[in-house]
Amino acid sequence: MSDLAAVSSYWLLFAKGLGTTIWISWLALLIGSVVGGILAHLRLVPARPVRAVVVGYVELFRSIPPLMLFFGSYYGVSYALGLNLSPFVAATVALSLHASSMMSEVIRGGLQSVDSGQWAAGRASGMTNLQILSLVVWPQSFRVALPPAVGVYIATLKDTAVASVIGYVELTRSGLIVRENTGSSFLVFVIIAAMYFVVCYAISQLGAYWERRFRIVGHK
Amino acid sequence: MSATNDSSELVRIDGLVKRFGHRVVLDQIDLTVHAGEVVVLVGPSGTGKSTLLRCINALEDFQEGSVLFEGKPVGRGRAALAARRRVGMIFQSFNLYPHLTALQNVTLAPVKVHGVDKKEAESRARELFAKVRLEHRADAYPTQLSGGEQQRVAIARALATRPSLLLFDEPTSALDPETVGDVLSVMEQLAREGRTMVIVTHEIGFARRVGHRIVFMDGGRIVEEGRPADIIDNAKAERARQFFGSILRG
Amino acid sequence: MYEFNLAALKGYIAALPPALAATVWLSLLAIVCSLALGIVLALMRTNTNRLLRIVGGTYVEVLRNVPLLIIIYLFFFGLPAVGLRLSGWQTSFLALTFASAAYMAEIVRGGLAGVGPGQYEAARSQGMGAFQLYGYVVLPQVIRIAYAPFGNMCVAIVLGSSLASVVGVEEVTTWMHSAGSGSFRYLEAFTVAALAYVVLAQAINGLRIATGRWLLRHRNPGAPL
């Protein structure tokens, strides 16, 4: 298996690829959580147009394939605005947009899971909306929203593979580079697949652990 | 074991033994049910009463002994289908089909299993609804019915296939106390009509009033059986006396 | 300022319907085949046989934690190394089917789990054989539980089909790329293509909601769909 020897010599490239994968997926999740969180809370306002815009945003970015988002933010923006975004920026924008729509739904689910009686109780004891949110609603929402949020993270991490198509050097592109240099296809992709599997599976097990733990401590 | 076949024997259980792993759940059960009899199985929880009931229509299997229904062995798996089609069962948790209305619940088996014409099945179903006093709820879904109403629909469902035997597995244990009476009065009505019924229940008052024979089970065995008056007030076995004594005191 | 000019795409619009058809066809086939495979996997995962459970479980866990693009590359670049050279369409179809089957398996498994054991008991006690039991009692309930996640999975498959463009299949994303770079009007091409996907996805959503309303008609007014 001279293939194995050749491929193994690129272990550093694989490691760096994995590093950038985790880095960019984390970044996208962070941005997506902030944006998604804002959107989820905007859905609570009484103003109909505001809610409609949020729903439109979420449905839009849940109905466009990630690959299209990558192409749009990389090629589309450069053709249209003459602005040449680097693959990193374009990928981050695309991933964040997608993640924000998913996180908006997750956070919304967390907010909705809090019994409406909690709001009434908070108001009755003279709390402002912000106090109710931060002291009563968020702590309870967090428990409910955490497991699906882990799911969103795993999905985002898997989506980073598509960033390879616009030239961003993450794990998949690293694999394609090694493939070009060694001529070994099957082995390279098996290794890449195994690396994704180990990372994603580990995270999903962590999410399952949290879900179990929070279910015992919480009452819902 | 007699070689002759008494035709009034609807159910005949001989030497039934059921094991679950190494645990003996039913231990040498001999029981006969005659046509028109109401047999009530009583005893502490977990002593095999429901399991024995389920052996009659082969919902549970057993390792030794025999179960005869209408003179023929009940059989297992596919062979048991014939016997099951002539037995009606009512469950503690009702088990109505949630995706069908009450009426559809009652007509499903007659139409699809017995090949009855749909219109005929529906008119029979409405007769049965009248009998269990639920005429106005025929088009409701199970989730829209109370527990007592669901159980009465379940009784109508069991009756719809014109069974020669009715099995009741703790029919009122999951009901609110107020609705227990409704269901018991329907069961009493069926008993007065001369139906053959085997009932597992904790309702001792009902058993005394309606049962022809009480069978007291403990530890997977039939400890004592007899007429309600005899056994409830004057049980011979110590275990039985304890059981009935505590029920009547409490 | 950038001037949005849809008319610039005129020469490419004719190529859009076939591209749409290709996307729809690939997705439809993948939906049907992954559902079938998913049912098999679900039955494996709930079987009394431990080996079947392990094999089914491993399949589902592996395919849910590896990106679809990698599976496509494995089939497209990897298989020729062991002698099997498939076309772009074939590898996309296989990858999409095998990957989606893992999710379909969980959807089916969830549906089956939602049917209580009492249902089987009641149906058996009425003398129903296996076909009648599953046809009249179990399946109708599984469908009512699983139709919504199934609908969402169909949308996911349609969106996933866009990756077929990476291995040369002529579908909507390929169209966007060639129309956009050919006419230098990438933003317009992107808008049209994105619209196509949004329409497809929302149509499937609409079907899902309508199905739900029909399946759960007359029941618990006010219950969530």
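Every chain is named by a letter (A, B and C) in the order it is written, and numbering of its residues begins at 1.
Methods note: a contact is a pair of C-beta atoms (placed from the backbone, for glycine too) under 8 Å apart; a residue touches a chain by one contact, two chains touch by 3 or more.
Since we're looking at a predicted model, the values are computed, not measured.
Trainee: Taking each chain's centre as the average of its Cα atoms, which chain lies closest to the overall Cα centroid?
Mentor: C
Trainee: Can you name the chain that lies farthest from chain C, using the mean of each chain's Cα atoms as its centre?
Mentor: Comparing chain centres, B lies farthest from chain C.
Trainee: My parser should flag the chain pair with the most contacts; which pair should that be?
Mentor: Looking at every pair of chains, the most contacts join A-C.
Trainee: Distance-wise, how many Å sit between the C-alpha centres of chain A and chain C, to the nearest whole number?
Mentor: 21
Trainee: Express in whole angstrom the distance between the two chain centres, defined as the mean CA positions of chain B and chain C.
Mentor: That pair's centroid distance is 47 Å.
Trainee: What whole-Å value do you get for the distance between chain A and chain B if each is reduced to the mean of its CA atoms?
Mentor: 56
Trainee: In chain A, which residues are in touch with two or more of the other chains?
Mentor: none
Trainee: Scan chain C for residues touching two or more other chains and write them down.
Mentor: None at all.
Trainee: Within the complex, which stretch of chain B touches chain C?
Mentor: Chain B reaches chain C through residues 57, 59, 78, 81-85, 87-89, 91, 93-99, 101, 108-109, 112-113, 139, 141, 143-144, 157, 161, 167.
Trainee: Quick one: in the complex, what on chain C touches chain A?
Mentor: Of all residues in chain C, those touching chain A are 2, 61-62, 64-71, 73-74, 77-82, 155, 159-163, 165-166, 173, 176-177, 180-181, 184-187, 190, 193-194, 197-198, 200-202.
Trainee: Where on chain A does chain C make contact in their complex?
Mentor: Result: residues 59-60, 62-68, 71-72, 75-76, 78-81, 154, 158-162, 164-165, 172, 175-176, 179, 184-186, 189-190, 192-193, 196-197, 200-201, 204 of chain A touch chain C.
Trainee: Which residues of chain C touch chain B in their complex?
Mentor: By the definition above, chain C touches chain B via 116, 118-119, 121-122, 124-129, 132, 136-137, 140-141, 144, 218-220.
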